[in-house]
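Once you scroll down, you'll see the structures, which are given as structure tokens.
In the two assemblies presented below, chain A is common to both, partnered first by chain B and then by chain C.
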Partner chain A sequence: QRGLALGTPATGGSPGQAPRTGSITVSVAVRGPRFRKLKIGAGHRLDVKASGVFVLGIGHGNKLLTDLYNCHLTKVYTVGGLFGKATDDFSDTGNLVEKTTFDHITREKLERILAVIQGTNQKALLMYSNIDMKTQEAYELAVKGLIRPMGKSPPIITAIRCLQFALPEFQLEIHCLHETQQYLRKVVHEIGLELKSSAVCTQVRRTRDGVFTVDDALPRTQWNLRSIQEAIRNCQLKVETELEKTLA
Partner chain B sequence: RRKDRVFVWGFSYSGALGIPSFVKPDAGWKKPRRIQPTPYRLETEEKISSAACGYGFTLLASNTRDITKVWGMGLNKDSQLGFQRSRRDQTKCYEYVLEPSPIPLPLEKPQQTRVLQVSCGRAHSLVLTDSEGVFTMGNNSYGQCGRKVVEDEIYSGSHLIHQLKEFDSRVVQVVCGQDHSLFRTKKGTVYACGWGADGQTGLGHYNITSVPTKLHGDIAGVNIIQVSSYGDCCLAVSDEGDVFGWGNSEYLQLASVTETTQVNVPRHLPFKIGKVKEAACGGTGNVVLTEEGNVFVWGYGILGKGPNLIETAVPEMIPPSLFGWSDFSPDTRVAHVRCGLSQFAALTNRGELFVWGKNLRGCLGTGRMEDQYFPWRVTVPGEVVDVACGVDHMVSMVRSF
Partner chain C sequence: FSDWDDIPPSSALEVISEEEAVQIIAEPLLPIQSSTLRDYVDHSETLAKLVHLGVDLSQVEKRQKAGQLLLTLDFEKDVKKILLFLKDVGVEDNQLGPFLTKNPYILGEDLEALETRVAYLKSKKFGKSEIAQMVSRAPYLLLFSVERLDNRLGFFKNELGLSVKKTKDLVIRLPRLLTGKIEPVKENLQVCQIELGFQRNEIQQIVCKTPKILTASKKRLKQTFDYLHNIMGIPHHMLTRFPQVFNSKLLRIRERHMFLAFLGRAQYDPAQPSYISLDQLVSLPDEVFCTEIAKASMQDFENFLKTL
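And now, the complex of A and B:
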């Protein structure tokens, strides 16, 4: 940072003369703070009732955000559900629509529904990926884990499994693409219907968004410049490799 | 509590799936179901511990002490399911068995002996017990049942179930090839009998053998821990992780050691792929699983590496990412490999089932009718514990979560 001798000429010149050394545009006093406007972009949406990993881009990172969006990577959610009631917005804070019994529900029945969901979604995955399964290209993509819709598609669940089951509560882990959190709540509601009961969603928490996991995410106490800088540095390599792999 | 279930899929008209309503609908509005393209639950009375798929028939066995230990369904024209008394005519035997029916074994101690394992070939079956040796039934035209060939014997409606006890030690594994049988004993020796035109009996000649005879060649003195066969080629794995093969090599199965298309003596296959844990033989292709959890395929047909790989004499590895391995689940490994006549199956340690190969009459269970050129997950509601592959159907034993 070159300093500037304002008003104090190098040699004893008269005040009318312009200073001979230094650019006047470098100084903080002239230019103002270095960062006046910071372009911050948001990644995949996370609605008000949900929590978890939320990816943001700063400056050049915004371009990377668009690239990451075009990678169509899967996101992982932990979804909590409660059997016994149904609401109008599928969450536990909505208006109650009906109450049902749930003692007939067993973990095995739930697993069966989850397997069916996974099966129908696998079909959808193939359909929207527009890949001919008979080609060598399909094999190459499958090896790299790239068989997924690389364009617009309805929400697709690539994997779903039950983490905890303690009537009336249950917890699912859902890997999905092109989803909204409301869609996940609807899935919980539909699971309740399939089990001849009803269910509401109590929690939607994103535990992974593409390459970013909960471990990379900064909690509220670390929302300061140093932590942000460090976090960006740590994830840089991961992001680059993923972009190279998918968009190359 | 976790429950054990059996799921079946594939061609149903032979009765091999054990669901009578698919063949003869029990309601007017129901239509017969020729092919079951996805896993369908089969209700069984007992917990099934071993299953085997033959050419159009299935055997299920439970290691219970109850009197009924083995059930059979499907094709029974050679009495490969024993004598199934017809209800309409007590003297006649069913040619097709549509639901799992008990197979009466002539056991000396039926309330003590346990059935350990079953195996099925083209038209014969083997049942392994813990203390009464091996029981064989079905077609014996080539001595595959381990008894003398009787000229003009009529196998349909036969009550004959033969018992084999003369081995150097207790038999711990029985394997059926197409028309031959392999027996592996506790001491690590292998015996064979049956059709030998491709050298699949490994006894140094190409004739039939009607008495189980010990194999030598490169496996003499070697402690064999697993044998496999389904067509006319055979593979054996030793305790040190070496692979030995004999039998048909028309499809490059043994081309790594010889150019001849028939090998009638066990030969060591000098593959440099690491210590082998398990091997499985199909009709034209073979698959092995190494200690590290890698899957290697070779032979001819749809091998699992895309449509471009049709044949190879040297094993090629299938990338673990196709079995669910990824950066986010690095502990996922293949635990078992199985082979049908023209399809392969792999079970992972997460209880997932992956299949690939020719999708003959929906036998892959993927829900689609197209062939599958690389491993694809089969949606099963539960943790898949074991799977048996046949020609056009498969049976799996699943544990609910």
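And now, the complex of A and C:
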């Protein structure tokens, strides 16, 4: 017995506890903390200037993330734009390239351009989904909303509409696949050009990533163990359902 | 054989009986070299007693040569008198462990040198409890020579133009100023004066209220000031009145300001009605801020945050 009887009780142990026989190397004060790593993976990227729904996976969740990635589900963004200037990186914080007038722009003109964008993207969607639209199979898939490119493709916009319009500001809702946030900023820039003016992107906010919505998302004030556990539980069913649907 | 010296020593290869063999205790040898104190802790009285005091050896062994130092010290001869010295200075018993974890080197210091330094602080009229506080909060303090401590105190007094008393109050509140690097402090003062545009007397007031501004990151300081002054429109004299706002996270300031602006309540001018002080803006916890200042619910705030 190593009798280490000292006047001051150790901060780690409880006072009144008899000194342990044998080695003290097992105490945390000697070895350090027990767990040092937690496997966390991230879902679809969100660049520094963007905000919104960002999905993370813990442990087994990482495998589910990969499976969800292979489902090629759409993402939904709220994209803010400002008419009147163009910058080198298409955002409102970039270097100014030109300034233009915008009083001639109306909501109708904007919506016409959006319809054109939707049309061209619809063609791309069908092309990359490898489906012959004249078949019964294609019809059935379209009804179920399952027409999606199941492999790599360039960014595709499946739906785009104007939420708000108050010159020079405007706000769009964009449903898309295989996108990057920078691609969406470029879309804003090109809309400006199509309307014979110029535009920069002021905000890119993801409101939905596949099955995950803003309501499922945890704000910073809820980044604690309990809320995270609850969030995982709440989404479990719809993740399973979606995976089954696609793999079927 | 008539004399003990005549008995030849037994040969190592001599055959012995089973009973004798069983009685030989052959413990594994201590490693001569190791990267962790774990291997020695069961055989060193010094290490074992330090663990019982609350020293975290897993942290100590990460510091340069600290593990080596501890192994060469004898508890009764070397360590005990330093521990008694620290208790005498006023370090609390339950603080000894954390203190030594941060500064194990003090156990190898010359006791007389340590006592001279404490005597110096007393000669400068620092009170006993003040010295205890400074030593506990800046564990490396007593490793510094009297000359170095004196130079440091002189630096702060001259650079900031403070009185002797105010300089002492400053280092009592943030004793890290005496032990940390001096260049970053000089740079922060330059930033406050040249880039942020504060007057010398404003800087004095700010530093005495929130000494941490001298050790804060320059980038953070500039970003926070930029948002407060250029976006929220807070003038210099208001920032001098509430310098604690510089210690706050920029994200918190931004989110709360944007929420107030959204509700039409972002009013920071005391001359106008419904004035919200910067102090209220940053130091209240979320729930109180929402109900008292923003006059909204936590849920409203969280919903708003999700639209950013």
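Please note the rule applied: the second predicted complex is superposed on the first by the 212 of 248 C-alpha atoms of A that agree within 3 Å, B and C clash if a C-alpha of one lies under 4 Å from a C-alpha of the other, contacts with A are read in each partner's own complex, and residues count from 1 in each chain.
Throughout what follows, contacts are C-beta pairs under 8 Å (C-beta built on N, C-alpha and C of every residue); 3 or more make two chains touch, one makes a residue touch a chain.
Please read these numbers as outputs of a predicted model, since none were measured by experiment.
Chemist: Once the structures are superposed on A, label A:Gln122 by its partner contacts, choosing first (chain B), second (chain C), both or neither.
Modeler: first
Chemist: Applying the touch criterion given at the start, work out whether A:Glu140 contacts chain B, chain C, both or neither, answering first, second, both or neither.
Modeler: Touch partner of A:Glu140: chain B, not chain C.
Chemist: Return first, second, both or neither, reflecting whether A:Ser51 touches chain B, chain C, both chains, or no partner chain.
Modeler: The second partner, chain C, only.
Chemist: Applying the touch criterion given at the start, work out whether A:Arg112 contacts chain B, chain C, both or neither, answering first, second, both or neither.
Modeler: Only chain B; A:Arg112 stays clear of chain C.
Chemist: Using the superposition on chain A described above, determine whether A:Lys152 touches chain B (first), chain C (second), both, or neither.
Modeler: neither
Chemist: Which partner does A:His104 contact after superposing on A: first (chain B), second (chain C), both, neither?
Modeler: In the superposition, A:His104 touches no partner, neither chain B nor chain C.
Chemist: Considering only touches as defined above, state whether A:Thr221 meets chain B (first), chain C (second), both or neither.
Modeler: second
Chemist: So in the complex, the part of chain A that touches chain B is made up of which residues?
Modeler: These residues of chain A touch chain B: 107-108, 111-112, 114-116, 118-119, 122-123, 133-136, 138-140, 142-145, 162, 208.
Chemist: Would you tell me which residues of chain B are touching chain A in their complex?
Modeler: 3, 38, 305-308, 319, 321-322, 326, 328, 367, 370-374, 377, 379-382, 400-401
Chemist: Would you tell me which residues of chain A are touching chain C in their complex?
Modeler: By the definition above, chain A touches chain C via 2, 4, 6, 8, 10-12, 23-25, 27-32, 51, 205, 214, 217, 219-222.
Chemist: Mind listing the chain C positions that touch chain A in their complex?
Modeler: Those in contact with chain A are residues 37-38, 41-42, 48-49, 51-59, 93-94, 96-98, 251, 286, 298, 302, 305-308.
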